[in-house]
Structure formats: C-alpha cells, structure tokens
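Got a structure here, written out as structure tokens. Questions coming.
Chain lettering (A, B, C and D) follows the sequence in which the chains are written, and residue indices restart at 1 in each chain.
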Amino acid sequence: MKKTKALNYIPGGILNASDYELLAPQFIPPDYFGYISGGSGVDKTLRLNRNAFEEYRIIPRVLCDLDQATTQIELLGQNLEHPLMLSPLAYQTLAHPEGEKATAAAAEATDTLMVASTLSSFSMEEIARRAGARKWFQLYLQPDFKDTLELIRRAKACGYRAIVLTVDAAVQLPSRTAINAGFNMPADLYPANLSRQTNDRASVSNNPSRSIFHAYAQNSINKESLKRVMEATDLPVLVKGVLHAEDAVALKQLGVSGIIVSNHGGRTLDGVPASLSMLTEIRQAVGSHFPLLFDSGIRSGQDAFKAIALGADAVLIGRLQVYALGVAGALGVAHMLKLLRQELELTMSVAGTSSIKDIQAVSLKKG
Amino acid sequence: MKKTKALNYIPGGILNASDYELLAPQFIPPDYFGYISGGSGVDKTLRLNRNAFEEYRIIPRVLCDLDQATTQIELLGQNLEHPLMLSPLAYQTLAHPEGEKATAAAAEATDTLMVASTLSSFSMEEIARRAGARKWFQLYLQPDFKDTLELIRRAKACGYRAIVLTVDAAVQLPSRTAINAGFNMPADLYPANLSRQTNDRASVSNNPSRSIFHAYAQNSINKESLKRVMEATDLPVLVKGVLHAEDAVALKQLGVSGIIVSNHGGRTLDGVPASLSMLTEIRQAVGSHFPLLFDSGIRSGQDAFKAIALGADAVLIGRLQVYALGVAGALGVAHMLKLLRQELELTMSVAGTSSIKDIQAVSLKKG
Amino acid sequence: MKKTKALNYIPGGILNASDYELLAPQFIPPDYFGYISGGSGVDKTLRLNRNAFEEYRIIPRVLCDLDQATTQIELLGQNLEHPLMLSPLAYQTLAHPEGEKATAAAAEATDTLMVASTLSSFSMEEIARRAGARKWFQLYLQPDFKDTLELIRRAKACGYRAIVLTVDAAVQLPSRTAINAGFNMPADLYPANLSRQTNDRASVSNNPSRSIFHAYAQNSINKESLKRVMEATDLPVLVKGVLHAEDAVALKQLGVSGIIVSNHGGRTLDGVPASLSMLTEIRQAVGSHFPLLFDSGIRSGQDAFKAIALGADAVLIGRLQVYALGVAGALGVAHMLKLLRQELELTMSVAGTSSIKDIQAVSLKKG
Amino acid sequence: MKKTKALNYIPGGILNASDYELLAPQFIPPDYFGYISGGSGVDKTLRLNRNAFEEYRIIPRVLCDLDQATTQIELLGQNLEHPLMLSPLAYQTLAHPEGEKATAAAAEATDTLMVASTLSSFSMEEIARRAGARKWFQLYLQPDFKDTLELIRRAKACGYRAIVLTVDAAVQLPSRTAINAGFNMPADLYPANLSRQTNDRASVSNNPSRSIFHAYAQNSINKESLKRVMEATDLPVLVKGVLHAEDAVALKQLGVSGIIVSNHGGRTLDGVPASLSMLTEIRQAVGSHFPLLFDSGIRSGQDAFKAIALGADAVLIGRLQVYALGVAGALGVAHMLKLLRQELELTMSVAGTSSIKDIQAVSLKKG
C-alpha cells in the first residue's frame, strides 16, 4: 500500500461538497485515484450519471413559509436526521489509512447513515465500534453459502440494522481509467471481513477458459439465493443495483424491504443508462410507499434534491466520501457531509419545500 | 475602491449594444469585473439565460406597412417611449466613480425608465436629482420593518413612481467567477441609502452555526411582509424575482401591480432555469392584461423583441448598463441604450411589427 | 480595386463543387473574401443555412430503373436542362476582373439559368451579350420609380425573360466577418446599371439622425410598389426573399409569377431562420403547382436534391459561383456547375429518382 | 504492394475487440489504412454509423436464470454457434500478405460464418480451402452475365452455401480520408476471382464524358438481373445493401432468401443514414420471420446486441476484421472474434437474455 497524504485539517477555499472531488487528486496516489474515480470501459455510464442531473431544473418559489422545515425522514423504522447516506465503498484504505473507521466516525458525527461494505479494509466489527446506530451492512453473496450466513450473523451481532444485498456485481469490467493510471490492487489489501479468502468476482471477463454465461451464473444472484438471505435474518433486506422497473416490481413481490436504484457508479457494463434516468419509472412501478433509494452520481445537495423529486426516499453518496476521506480523513468526510446537507437545505429553501415529502411532490423542469 | 479607467467619449468600432460587454474588461478592474459578470456557482444559470434566446428565431415579413410604427407603451399609467428599462444593479461605483448618478442621467437622456437599487452607491435622493420622471425604486426588506417603511417614504418623497420589491435574494451564493478573480467587497463601499447598517443577506451559506432554514426564513419575504409593504404606500408595488407560474398567480391575487420574471441574472441558486424559459407559462397564467416584465439575459434589441414576443410588456437591462457605464460613463450608457433601441426598431421592422402589441402577437420559431 | 489571382485553368484535386469554397481564399483578396463570405452580424444565420441541410438524410433505393432519368424542368414557360440556377450576386469584379461577363459565359456553356443583379459590375446589356436565352434580371426598387421603370424596360429590351424583385434588402446589416477582414467597398466599384447614382440601402443602421422605422419604410417594398412593377411589364415577376408562409400566400394572391424562398444568404438580420427550415411550410401554403425556388446555403448537388425534396422547383447557387469565379474565372464557374449537376444526378441515381418531380415525391429522413 | 508489419502473436494490453482498431495504424501502411478506414466524402455516414449505437442504452436485469444461455442461431438452414459473421471485404492483402486465407482460417477456428468477396486478393477456391462449412460468397454482377454465372457456379462448386448479392455499389465515391492519406490502388493488386478483367465500378464519378445516369444504370442491379441470379442457382440468394423498408418488402416479394441492411460501411453516397437507424423500420416491414442481417458500424459485442435487439438475426463485422488481420494475421482475427463473442455473451448476461431470440424481445432505452 502506498502512503496517502491526507491533511489533519480542512483545507481552505472549499465552498461546496463537490470541491473534494477537485482536491482529491492532490492527496490520493494517481493509480489509486484512477481506480476509485474510473467507471468501467471508457466511462460512458459514469458521464451519463453526471449528465442526467443537468437535464433537470429546479424552479425557485417565493413567499414560502419554511418555519417548520426539516430534512428528517423515517426509513425502515429508523428516524434519520437527513436523507443523505454513505454508499458501501470497498477498500477505503486506498484513500486513507484509517479507511472505513474514519468514514464511520464522520457518519456518526453528522447523523449520517452508513452502509459498510463486505469488502471493507477493516472488519465490520471494527467499523461498527466507530459508527452509531445508523449503520447497515452491504452483503456480497459468498461462494459457500455458509460464509454468507456467517456474514449476516456477524452483521446482526455487531448492530447493523439492515442488510443491503448487491445484485449487480456479478461482473466488474476493466476500467480504462484505472488501467491507464497503472492501477494494480495492492498485494497487502484484502477484505478484512473475509479472512483472505480470494474474491474472484472480478475475473469473469479475464478467464477465457470458462464460458462467460457459466461464470456469470456462478457469480450472480438468483431468486433462490435472495430468498435464502431473507430467510436467514430478521433484519430488513434491501437490494442494491436495480435499473429495470420490472425487476423492481418482482423484488417487491418477493418481499424485499427496499430497493436501491444504482448502476454501481458506472462500474458494471459500460453504456448502461444513468441511474437517474430510470428512477421515475421505477418509482411509478413500485408505488409511492415502498422504500426506494438512489445511488450513482450525487455530487451536491441539489443533486440529492433532484433524485428525491424524481422518486427517491433517500440517496447514497459514493465516490465523494472517499474523495473527502483522502483529503482530510474523518474530518473531511464530516465536513463534506455537512456541506452536502447545507446544500440540500438551501435548495429546499429556494424551492419552497419544507420536508422530504414536499420535495417528492415537486415537478422538475426538463431541459 | 480601485480606480476605473472609463473614457469620456464613445470608443470607435461599436456596432451593437452588446459590444460594451466585450469592451468592459478593458475598463473595469478584473476583480470588480469578475463580481459584476459572474453568476452564482459555476455560472450554469448565467449561460442558460443567454442560450435561451438562441432557441427562438424571428421570421422576417415582407411588404409590411410600418408608417405608424412606434415603440411606445403605457405601463402602470406612465407613458414610456420604449419598453427598455434599466434593472436595479447594486454598487455601480464599482464600474464608474459617478455610478448610479451617471446611469440616471443616461436614462433621462434616452427616455429610459430606471429602477434604482436599495443597494446603490449613491442615495436615492442623489440619483433622483439626475433622473427624470421615469424612475422606480427597488426595495430590499430591512431587518427592522421601520427601516423598510422609511425607505418607501423617502422613495415616494423624491419622486420614484413605483416600488419594485425583490423577493429572490434571501440567499446570494458565492460566485466562482468572482472568487477566481479575487474579488472582495471594497471596505469603503456601502449602501448609501442605509447609512452603513450592515447588510447580511449574503451570509446565509457561510455561517455554519445557524440553521440554513432559519437563516433563509429570516431573510426571505413572506405574504405578511409583502402585504405590509403594499399597505404602507399608495405607489404601485411590483414584485421582482418570480419564475414559477403558480407564484405569479398568487401574487396577482394578493394585489401586486406587476411582476418581473427574473432569476436575478443567474445570481441565486446556480442551475435554476433561464428566465426566458419560464416567461410564456407565466404570461399564460396571469392573463394578457397583467403587467409582466422580463429581466435576465437581454443583450440586444433582438433579445428584447423575443422576450416581448414570449410574453413581456417591457424588459430590464442588467449587466449591459454597468458594462457601458464602465466603458464611457453616462455617455456609454446613453449610447448603449440608443443602440439597443435602434436594434429593437430594426428587428420590429424586419418582423413587420408596428407596435409592442404587434410583437406580442408574433409566433417565434423554435429551434 | 485590388488585383485578384484567378487561374486560367482548372486546378487539380477538385472533387466536388464545394471544393471551390475551400480554394477561394487563395485567390480572392482577404478583405474581399471577408465581404463575400460573411453574413450579417456574427454569421448565425449563415451557419443555420448550412446546418439545416445536415438535419436531413436521403435514403438510398435499390433495383431502380433509371433509363429515362433526366434533370430537365419547365419553369415559367422556359425549358431548362437542370434546376440549378445562378443567384443574383452583386459586384462580381471583386472576385474576378471579368465578373458577371465570365459568369454569364459559364452559365451559357452549362445550360444554366442566370439571374443578373441590379448591382452588377457590368451593365445588364454587357452581361446579356455573353448569356444565352436563360437569363432573368434581379431588380432593386430605385428611389425614383422612373429609374425602376427604366431598368425594367432595359431588361426586357436586352432579352431577360423574367424580373426577380428582391424584397428582403431594405436593410443590410454590418458583417463582423467583413469588418474584421478590413473590407471597404472599393471607390472605383459602382453599379454599372445605375450610372453612379448612390445606392443608400446599406445605410439604415448607421445613420443615427433618422428614425429606423422611417428609413426602413423608405427602403422597403410595399404592395403598391410591387403592383406597379407588375403592371409595368409583361415579363413574369418573381419575388425573392420570402421566409414566411403567410407572405407567400399573400404574394401568390397578388399575382406574382413565383417566389424565391431566401434569407439573402444570411445577409439580413442575423439570427433569422435557415431558408431551408421554412421551405416545406411555404410549399404547403402555396400548393404544389406554384413556382417556388430556393436560395441560401446550397453547396452540393445533394443539397439541391434536399431542397427540391422539401418543396423547391429549382435552386439558386449563391456564393459558390463567385468562389469558382475567383479561382478560375468563367472556366471555374462552368466546372463548378458541371460538378454540381453531376452530384445532383448521382444523388438522384442513389435515391432512385428519375426526374425532378420524382425528387419532390421523396420523403427525407429527419436526423 | 507495400509490406505490412503484422505480429505473429497477440499483442499485450488488448481488452476489447475494438482495441484492434486503435492498434491497426501501427501495423498497416498509412495510405492503405486511409483507404480501409475512410468512408466516402468526408465520412459523415461513417460517423453516423458509429453514433447511432450511442443513441441506445441496454437496461441491465437482475435475478435472471442464465443456465441455458446460448448464442446459437439457425440461419438459412445452417446452425451457427453465434450470430457474428465476417462481412465481405475486398483486397485483404492490403492489411496482411495472407489476406483472406488468414481471415478464413480465423473464421473456421472460431465457428464464425465468413462471406468471401468477389474482389478478394485470393481466389474463392483458395479461400474455401481454409474455411469450414460456414462460408457464403458475395457476388458483384459482372459486365457480361456469363462471367456472373461462372462465379456462381464456382462458388457452389467449392462449397459456399449462399450467394450474397451486393446492390449498393453501383457507385463508390472518392474518400477524402483515402486521398489525404495518399492512397492509390497498388498496381499488383487485382481481384483473383476475375483474372485481371478490369473492374470499372469505381469510375462513375470520374468519367465526365458519360452521363451519370447512364453509367449508373450500367453498374446497378435491376429486378431482371436479380431474377437471373436467383434462377441461376439453387443456393439461397441474399441481397446486401438495403436501407429502405419499401425496397426490403419488394425484395422479399421477389423471393430473395434474406436481406442485409447495410450502407456499405459508409462507402456509398456520403450522408446517407446510419444503417442502424433504418433497421427497426425494415424489420417491421418484412415481418419477424424473414432473415434480416445487419452490417455497418459494429465494433463490440454490445453493438451486436443492440443491432439484434433492433431487429437483426445476425450481424456482419466489417473493418474490424481487417484491423485485426493487419495487427496479427489469422491469430488477430480469431482473437478479435473471440473477444467479440465474449462481449456479446457478457452483454446478454447483464441484460438477462438467454438466447438471440431473447435479445430480439428486449426494448432498448432511447437516449
């Protein structure tokens, strides 16, 4: 592992949460930054994710009464101060030696719900010690289902309040950005939760001796395995990585507790649609009361507002958390989250909305 | 305050009013120019404001009879020679030492209605002395309503014929363009009308110790405060800063005398829609006889024609007035206004329209 | 007048008619080229004219029978070998010392109908001597109608077969391209047809002492003057410079013999729509049997095909004729016209169309 | 003929089939590369072909059962392992001395159907010896129909299983890209199948002494000649080069065995629509059971998926095969085809499709 150069203070001149994206390359080694920032292929979907937000405009309102305004929501029985959550991001020590421990501390300091990744640099128990009550565990299915069960058991034992099952990672395709930056996974980096067992999910496209279909089937999640996960725990199970409305309806019917619309931050097949472009259709398909979260592309409070207006109950912050982590550790993440929340509140004010429900009733202007 | 380098003559080679925008950087100090020219954030809305005009085309007409052609209009009981007005722009001494006094003189010389700003470098009384009968006063609500009442009283006393209440300035967000240009508000610049009382409207997003919602509510205008303003004066009260048709209807029902569709020249939340893109919808909502003005983005007589064709009764000229002011003082502003009017007349001629009403009956071509 | 550097042979490497546009700057003095190539203002309409052609696609056909294919048309009682005509372009000695005399010879050599301009460098009689039977005369109304009558009489006397009355030139606005190239009208250049009487059409926007409306009314053509022209001659009278369908209908009702859809090659108000974008609507308005010609933007036989498919009976070639003239005089113009005709025939072949009428029945693909 | 510099091994760093396009200029002489890569004119249609794929998005599916997934298809009675075929490309020795012999070997090694060109550098018999059972013969009509009959007879004799009659090559227009690269057809390159008889198809636009219509009629294929081809053989006859739905219907009615939607890789009239943009309309016109293939623009398995989803039963790979051939001969072509197939399988997996029929039932997302 290379050394990173994070500050132990918040650098001057930061106006917006998104400024951490601009600063991060000064702090994170270029190859690591290439791996973190790149999407799959030539970053088409990565760009689509960002551009999708620019297709919508928020129309300001005037003479509004914001005396009772709040960002609070209730989600799966938990009261949250705001709808900004931390996405499960793997191997955060690439950005900062404190990795997910720092992220967890920042989440706790800012009343932010964190989703810890199966592929974290620190074990879920270590992370849980820094995090507060607002924490969920992201689950990758393990080759041996007993290992999957053990992960679920441990997550429950150390206080995670929901399981987020990722279903769109049967294949992770090479990223030109990462390759061009010379990235190789550091030899001393491995998923702490999995005690050095090899994670071969990424190998699908590189192993010519196996059929792609066979490899895919091995890695992907089918209805059976989903049911087994749901039966194995009394925690709510959410599914992350849904882009098609019919899949959302099927999952709802299977009894999942919520869905996260996501294209894995543009890291699956390059060229799939922007997450945001599928959101409204999915919300219409699952109805207004089903927990629906949004992931992929959020860089500002205004983005969060737009995703909520288009159908999300809450949004997950992906790359921005590791950018802030790389710049200034826990302090950076906490600062970034504070700015993001202020941006959301400001956008709500300008739009004359007093609650997250109010945002969901807003019609954005196209174009 | 830095010195500006305005000429005392009209420079050669100016063909169009918009040429003053190109020349201004040679005359106004770069940091001041950054503050004047920049929008909020990264200037998204600023660009949208300009691009919106390019979405429409004026179809020329032939064999028209223009013998009785005129640009005259009647607005709130005042007869105006033309529908081009000067927008309220703060602190015009940043562009020229004579500031609003020069602007007022130019307005008077060209039969142009001027809207003086609460935040003018010179007092409204000084400005009024240079201006003719065509002058309105732009009002920012003051923390203490007594101060607001005093501003209204003074405006009436020195001959302003209408009050323009700005409602979209509860928050003014930092401008990257201004920051990158190194702009700081000069210590010796303060609103002459307000006798050095601090104006803290701009602080919302920078003060982390207050809730955004609370700060916003403090600075924004609600129906109560609007009603108090209307009750405090027998002058017509127009509201400036409306972008949503429902707000326009609500304001009309509250009894305001007119509405100015505006996004504050792209200086509020970055990313809100172009003013022009909301105009037609708002005109349809308030009906054809309600006084509706347009602001944000006008750079030519052809732009003015388009805004009128899309629903405006008159248009306000913003940045262009300070650019011309910076280039050649009162002379520059007068020249710019003359060119703008000629451009409007020429466009009316080509379009075969004999009056402002005729323009309003024109269908622009999209695309 | 500066010397031009035209070749007396056709340069190698020319594949398409449009190559003359690429070569012309090597032969025509830069300031003259700026004047010829520029549109008004900042060339918005000039670009729109060109881009409009790219919005349409011709779908190839196969297994077609082209044995009887022809480009011949009948227009106002004249049989023409092809629908490609030369637009009236002023002062062609700017491009070549032989000017319109060379153009006329090239038109005759290629069976091309030529429209001679009122503002030609050589008199209409001199031009007529080089041209064949296929020649029309373009008329600008003169301040004194007697002078107009005299022009019409002379045109008839020397064999022009139709009068093309230009109605969109009441104002010609300054061109940035021409100004930036340093263009000034050479002192020794004047309209040979008009015996040194000053032509003040271009002065509208530069004379601040007159009202724009008044100046425009003086220069523009109204229904009365059109009727007087029609009554003064038994030649067919076409009107050039129409972009609005209602104007086309009105002109048809007034009894004109044909209409030329044109925006004067982007030389009137900058920002008016592309000629091509108005064509179909105008054709629909005047019906399928009324003579309708197209001008502004043609650079290839494929362009000509598209204009015809969108409603034109024939098309006028503007700048390309003076570009070819500047490169290689009469030879260049003739070569350019031959290439253009070959391109048209090739496009007709690929599209499976055997006649100009066939083209008019084709549906172009949008986008 | 210039020497090419092909490797006899697969170069490192190739992730996708399309990487061969990026590498090819290092191996193929620049003038040859210009000829191969260029379209006609200024490559408008070439770009349209590529851009058309970017207008569609594949929406990922989750929880799918891919146990029985296969790329197999049946086409004209032949069972194919996958729907990726090799387009007929002329003169492949420009890219590699082994030319079509290497391509044929690679096709056989990867279970790929190959279409050999009339204009191949090696005779169809030589090619047939390297190819397996999956081979078709592309036919250009010869000036003397006896020669055409002889080609058909030989094709049948050496095992080609279908005739692909190309109908869009009556004219091949000059390519600026080829000309700018200095390309001239090497003197020692001639179509081996035709024993040095001159092929004058390309001369249409360069011979000013003949009428374009006449030349076109000579070179093009009419219904009579198509019928004579069909009557001359019991092999299935497909027609390549169709872009218009009405032509497709007419061809189906004439009894052809299949149609290949193609614009000859952008090598006919520059500016015709993208092949992909016409595909769905043509499929709708011919019905779901008629063999319809797609050609022009495929660079990846995802492209192939999109073409199939829009209506194709199989797709033809054009330039990519000679790029791979130029880089590493038969090995390169085989590797490219393997990657392409893996990309297709991966895309099918992500899209939750188990068969080519499944793909055809997918709705792509526009934009």
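Note that a contact is a pair of C-beta atoms (placed from the backbone, for glycine too) under 8 Å apart; a residue touches a chain by one contact, two chains touch by 3 or more.
Everything numeric here is computed off the predicted structure, so don't read it as measured data.
Rounded to a multiple of 5, the C-alpha superposition of chain B onto chain C involves a rotation of 90 degrees. The greatest centre-to-centre gap from chain D, using C-alpha centroids, is found for B. Under half of the residue numbers found at the chain A and chain D interface occur in both copies, marking it as a different-residue contact.
Separation between the centroids of chain A and chain B, computed from CA atoms only, is 43 Å. Remark: chain B and chain D have CA centroids separated by 61 Å (rounded to whole angstrom). Looking at chain D, one finds that none of its residues touch two or more other chains. Interface residues of chain C facing chain D in the complex, by the touch rule stated above, are 15-16, 54, 57-67, 69-70, 302, 338, 342, 345-350, 365, 367. Chain B contributes residues 41, 44, 48, 167-168, 170-171, 173-174, 176, 179, 204-205, 208, 211-213, 216-217, 220-223, 226, 239, 241-244, 246-247, 250-251, 263, 268-269, 271-273, 277-278 to its touches with chain A in the complex.
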